[in-house]
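Each of the two complexes below includes chain A, the first together with chain B, the second together with chain C.
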Partner chain A sequence: MKQRATAIAIFWALLLTTMALRAPSFFEFGNLRDIAVTNASALIVATGMTLVIIAGEIDVSVGSQFAVASVIAGTLVKAGLPLPLTALITLFAGACFGALNGFLVTTLGVPSIVATLAAMAFWRELLRWITQGAWVQGLPASFQWMGLSQAHGELAILAASAALFGAFAWAMRHLHCGRAVYAVGSNRESARLAGLPVPLITFSVFTLMGALTAVAAVLDSVRFSQVQSSAGAGLELKAISAVVIGGTAITGGTGGLWGTLLGASVLAVIAPALTFLGINAFWEKAIQGGIILGAIVLERVSKRGGRRAR
Partner chain B sequence: MLVENRAGSERALALVIALEILIFAFTGPNFLSTGNAFEIVRLGVELGLLALALSPIIVTGGIDLSVGSMMGLCAVVFGFLWRDLHVPIVFAGLAALATGVAGGALNALLITRFGGAPLIVTLGTYSLFRGIAEGLTRGVENFSQFPPAFLYIGQGYLGGIIPAQALVFVVFAAFFWLLLHRSIYGRALRAIGFAAAGNGDARWAGIPVARRLALSYTLSGFTAAAASLIYVAHLGQARSDAGTGYELLAITAVVLGGASIAGGRGSIWGTLLGLTAIVVLQNGLRVSALPVELAGILTSAILVVTIAISQLRFTPAPEAEEDQMKNSQLAVLSAVIIAGSLIVAGSNWWLVRSIRPAPATGSAAAAPIRHTIAVMPKAKGDPYFVSTRLGAEAAAKELGQDLIWDGPADLDPARQNEVVEAWITRGVDTIAVAVINAPGISTVLRKARAKGIKVLTWDADAQPDARDFFVNQATPQGIGETLADEANRILGGSGDFAIITGALTAANQNEWIRYIKARIADKYPKLNLITIRPSDDDRNRAFSEAQTLMKVYPKMRLIMAISAPAVPGAAEAVKQSGRQDVKVTGLSLPNMCKPYVKAGIADSVVLWNTLDLGYLVVNASRQAADGTLKAGATSMDGGRLGTIGVEGSQVVLGKPLVFTKENIDKFDF
Partner chain C sequence: MRALKSVSFDLQAGEVHALVGENGAGKSTLIKVLTGAVQADAGTILLDGETITGNSPQHSRSLGIAAVYQQPAIFPHLTVAENIALVNEPGRAAARVDWKTRLNTARELLKAVGAEIDPSREAGTLSMPEQQLVEIAKALGANVRVLILDEPTASLTEVETERLLGIVARLRGQGAGIIYISHRLDELSRIADRITVLRDGESVATRAAAETTSKQLISLMVGREMASVFPKRSVALGAPVLKVDRLVCGSADLQSATFEVRAGEILGIAGLVGSGRTQLAETLFGITPPDSGSVSVNGTAIYIKNPQQAIEAGLAYVPEDRRRHGIVGDLPVRANTTLAILDKLGNTTLLDQAAERTLASDWVTRLGIKTDGIDAPANSLSGGNQQKVAIARWLATNPKVLILDEPTQGIDVGAKAECHRIMCDLAERGLAIVMISSELAEVLGMSDRIAVMRKGEMVATIDRADATPDLILSHALGHGGPA
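Let's turn to the complex of A and B:
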């Protein structure tokens, strides 16, 4: 699966070169910072998704979980709770949503795509029913940017997501529990025979996914002064695409977070890059789909090339 | 063991369906009628075709996420060939089917030759197909006015009662049944799935895996194309957003029917049962006037429970305990369904109770006749319609009327037809619809009128002969021109501006944009519209788009956001950039925009009074129902709104409001 990451890296280099030639203002600090801040939360979700996919599972409910966590955070702050406490409660709630998925998958044996498909519809419709589409408005001024100035708030969001990403990237490579996720994903039965608590690991991965989604929801919400109840629409597809483009195999067991970082940055840059290049928005979805398919084709082609060379 | 297990999950599902029918027979007036049964069949056809297409694929352990997008692409190809290239309609239809085959073959090629995982390949084509459809039509193109003979496929009734498309569905169902259960191909697909589930490879058994897989994905493309033709005939309109989101419901139906997502297990009967469970639930909730959100919640609950039960039964258990297990699991399933039905019944009871104590106003002698007034927004979750609902509820309370408020969760014209059909079955007194798609809904509205139901439209009109009155708050022309005038005022006569719209395919917004462009070409030649960007009705997306626009076009002085969440999104981006020279205007709700209007970032926000609109719709509905508002009237009593003018068959609310710093505090919605 290395090949896919290489293919994407080549594409990435081409895109950046094009931007440098056609629209050099793309590389202005302000623009890069804005793109990074906007996509920080998506990276956190993609981080969790990488773990889930490496473990051989999938979670399509993150978009709905994200919306529910955002509304919970907004409602609690509006009720007068301080932001740190709100963040903790939201984190706990997110972990519970993730744990529910984990329970369905490990204890009840529901395949993860079915369990999380159900969770996706369940949370989204429940939220719709309760809020009837209304936003959380009239939040205290200390909500936006966590009471910091805009510049410091942005820095805090970037630092938090970078720290989370770095910690997971390190842990997945060097810690026992990180390697265990790979073991479970590459062969469940061997992992069990090797003495790993397979259900516990799967359960923990889903719980972490939920917790990370809640963190992402909080970090995303504080960029604004009101919380929209339809947040996170399509987030699951974005996160899965980022992971897959980054070379992690959907069958589990291989891949890693650095690839996901690459995938997430390609996806983050496409929409603004198209605007900078003056390409019509109507073709955006087609281009996104084309990138995923291109990655599959390139991977295969480079694999064949490699074999011939041998 | 396996066969027995399948039969078990089918039995459980049959039980679910029986319970659904039992409950809805009590809660939904006329739910148990032949007409409604055929309506359910009719509405399930497009979804059912996709579910059939997915069944063999899921049996092989694969998946096809691209079927919904494929419907959009085929619809556009069909409409384009017929209308713009004047291809005879039969050949246009064949070309659409060929497109489906080609798309399916592309999936097959990438999966079998390039070794892509089905989930990833079809995730890619899910974006690709929809993207090509949007690119070809630029989002705006909307093909309609198909000949009646074609529309018959989707709207006609054989012998006056059997929906025409049911016949197509039966043919496809029979074909897929033969394929999967009575042919060597079906056996091969099953073997592939079993092997995949057990980490094996069916090639070891001499099965040409690549060719069989290619067959199933290509068939899926073909079937999705057939579904799209029926969809187009059903709605009388071909657009790039056909079939959005259908893939997930179709997968749910197949999996609910006992197919294992890992491969190997699955049957056409199961799929049909799963489909029935979903469609009956949706129709039953609508006929019972219960919140449709319950459909998603209950479907997911039933899905998890049935799968969990069949999974648990898979775990090896001592033979003797087998029967006992079965009973206890059936008991669990029944408990969940009973709990679900209690929720349904409970909320129904609560709904009735919450409506009953209303008629306290007026003396006993002059108690108004209670009519059931059904009102449908374009999309239930849209903040604009949420606030309209508040006005409608206030009116219903004041006038002592029963209000049903229901509609699609997102802008989905097919769902609007379903809801109207359910209301006709239920037997309401008036129907008032904010129309997404005029040619599509007019057929059902005419049907409602023929049954003696008074029909009104609001927000956007249907074909004039399909309704009694149109409550016209402000025409698309009025909105477009007001927005263009505001842009001219803010820019002081000349300058660059950009538009951030909702979804690129949103019909409303595209119409406004047309009038904005026309007005500018006509009256304000020095205004320059640089670009139009989508926000997909997402505040955060609008925020990012506005950020990028400000950098790419430093000379841009105004962002016009024309979807309710986009105005606060764009205004926040301007605020965070610290740019004093860029202003925001657009169409949105006052509460969302208040902070930005007060800070002077959003100079003005345009909207009509949505509370008044909801109030007027219910008021006009009641007067149409009791005959106070007759054809030919020139005015009507608008209650707290005073006298309202009626022009022809249009009830006119007035011009759109322009909210500014000075007046925005007076509005709370």
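Let's turn to the complex of A and C:
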């Protein structure tokens, strides 16, 4: 994990150095702030995804959950509910979506990739059917930027994301349940024999994932005057990529949120960097893929070397 | 560790040659060498006077050596005919399947072993003995010259056993050489022509079956001085801590177990592999909750349905397979040490890292765990030290009863001696210890009393003073009479 994170950090530093030399305007405050605000919700989803993956599971339904949560939030606000209540209801709905995944995985024993793949299709299609693809438009002005000025609204989004991320990073290290998540992902059977409530832990992780996705959806929606029913498309890939790039083992048990922050940061700057360098934006995904592959190959190679030395 | 040291052994055409020996005597390894699953370091294998070189599973098959293992290795989702064809239709990947021939071949082979099984049935739906017959049919189809049967009757009833012995006799009549491995000594006198006894990876004797009694075989199997010295100390025993009365768990094949362990006592549990020793431990610990029977700790009856409750009641279980069930390899040593007491560490809501470090360092010192520090991941440690970490985790729960399942399996001699020393220390401090071990010397050397399991039942309990290898093995094999 350390090697992968180091490799990524080096890549990131190189990229930023290139930017500093070739396009110094990239570092203007306004640009950096825009990048951060745009990616805040992805970081929150990646935070939840880190827990899910450390616990040895996966959730590919977060993009669809995100879309449903966004539409719920938009609809409620349009119906005249105040923002705090809207946020609370959306949060609750998101937790329920996550809990449903958790139920399928723990109680019914459906492998998480299958359960969440089904959830992904189900929520997306259900939304398409109900909204008929229509956007939720004409959101009240009190919703946008949470009724604040744009500058303050953006600050609020960043503060909320940072607080959530910080809270989870702290909890994973300093709470029993954080340790338990690692133990379950590393060796489920040992964890069970050690008396840990393995199903409850797995269930909770999925529920948290859903709740965090809903929070991300609300924070993202306030940036616009309408909610697209296609919101969150590809979000699951972005979140999983951030986690994996950050050094968390896809098989569970190792890794951490600081790595995910690094991974999310790298992913966040690629697209704008390309724009600034005048490279076709079509390259973004290819470069993303290359980074993931490169990081993992590098880690494999150094690991094998380490084994031999031992 | 060397599983096989030196084995000499010959098999004639039309002969049933039995192999016997304790757990770990080297029977399985010998089979693996013959079938090419592992390579011998030295020595030769001759078949019809020709040396087999570069043996591999494919090569040995093509020479007509086939093995049927205790656990049938069938493919449950394929039909019986497909299972049989898989090894017998030499493979051109693109060749078309002739289903008719395939079914007919299968039907004939099944008839040859006297099995009435529809070859188009899915193999997973067959009973265990039926699967075994399919395995034998499969072996026959490969034009077998040497057939190896590894405990073929272990899971069979009397009637099925009779039938299998009939088939073996018929095959012998057809000129095949048969290597027959079994713990059921009475079977051997009926079916085997000669019997070779393996002990500690060496062949110690080959006898004509007709002239050998079960008693002689047992003493040949055991026949050694205690190989190592055990640091057993005599400890004044306290009151009974764990009492188990007629514990039964059908789903784990635990028929009945009754015993008690006193404070400071080490109760050894002996028995063959598959005799239900691990199942007993798992039932006690709530992994497979019991159907009936009672368990009490310090006189209080307890009902255990899951590991959490077992831990609450003061039980601790260090499982057999430490990599799979013991340590959590990715986590550091300190986290492994505290895994079972997470909620009791320091103050209740936060994970008290300082308390964890103190506790882990303390156990590392007390048990002499060799590690690069308490932050090193557990899977960077040697096997013996991983085992100590697993033990430390359970000692940290401050248990009243410690159950150790094969505590020294696969660890080196030094670490083994240390584990034994630790066990004695713990007993001296009044812990009640239940030690499951396949190694007779260890059971004899470390236990105050020895309970013997056979076929899911606790069949005898022997005091240290009366225990001899012969007596234990007799009970384990079912030749001990009523105890």
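To be clear about the criterion, the second predicted complex is superposed on the first by the 301 of 310 C-alpha atoms of A that agree within 3 Å, B and C clash if a C-alpha of one lies under 4 Å from a C-alpha of the other, contacts with A are read in each partner's own complex, and residues count from 1 in each chain.
The rule is short, and it goes like this: a contact is a pair of C-beta atoms (placed from the backbone, for glycine too) under 8 Å apart; a residue touches a chain by one contact, two chains touch by 3 or more.
None of these values were measured; they are calculated from a predicted model.
Once the two complexes are overlaid on the shared chain, A:H152 sits clear of chain B and of chain C alike. By the document's definition of touching, of the two partners only chain C reaches A:A191; chain B does not.
In the superposed model, B is the one of chain B and chain C that contacts more residues of chain A. By the touch criterion defined above, A:R22 reaches neither chain B nor chain C. By the document's definition of touching, of the two partners only chain B reaches A:G109; chain C does not. Shared-chain residue A:R179: touches chain C; no touch with chain B.
The intersection of chain A residues touching chain B with those touching chain C, taken from the two complexes, comprises 249.
Only residues 63, 110, 113-117, 119-121, 123-132, 134-135, 138-139, 248, 251-252, 255, 260-262, 291, 293-297, 299-301, 303-304, 307-308, 311-312, 314-315, 380-383, 385-386, 389, 409, 504, 531-534, 536-540, 543-545, 547-549, 551-552, 565, 568, 572, 576, 591-592, 595 of chain B touch chain A when the two sit together in their complex.
Considering their complex, residues 23, 25, 28, 30-31, 34, 38, 58, 104, 108-111, 113-115, 117-122, 124-126, 128-129, 132-135, 137, 150, 220, 223-226, 228-231, 233-234, 237, 240-241, 244, 249-251, 271-272, 275-276, 278, 280-293, 296-297, 299-300 of chain A touch chain B. Contacts from chain C toward chain A in the complex involve residues 285, 287, 307-308, 310-311, 317, 319, 324-331, 335, 339-340, 342-343, 345, 349-351, 353, 393.
Interface residues of chain A, counted against chain C in their complex, comprise 173-176, 178-180, 182-183, 185-187, 189-197, 249, 253-254.
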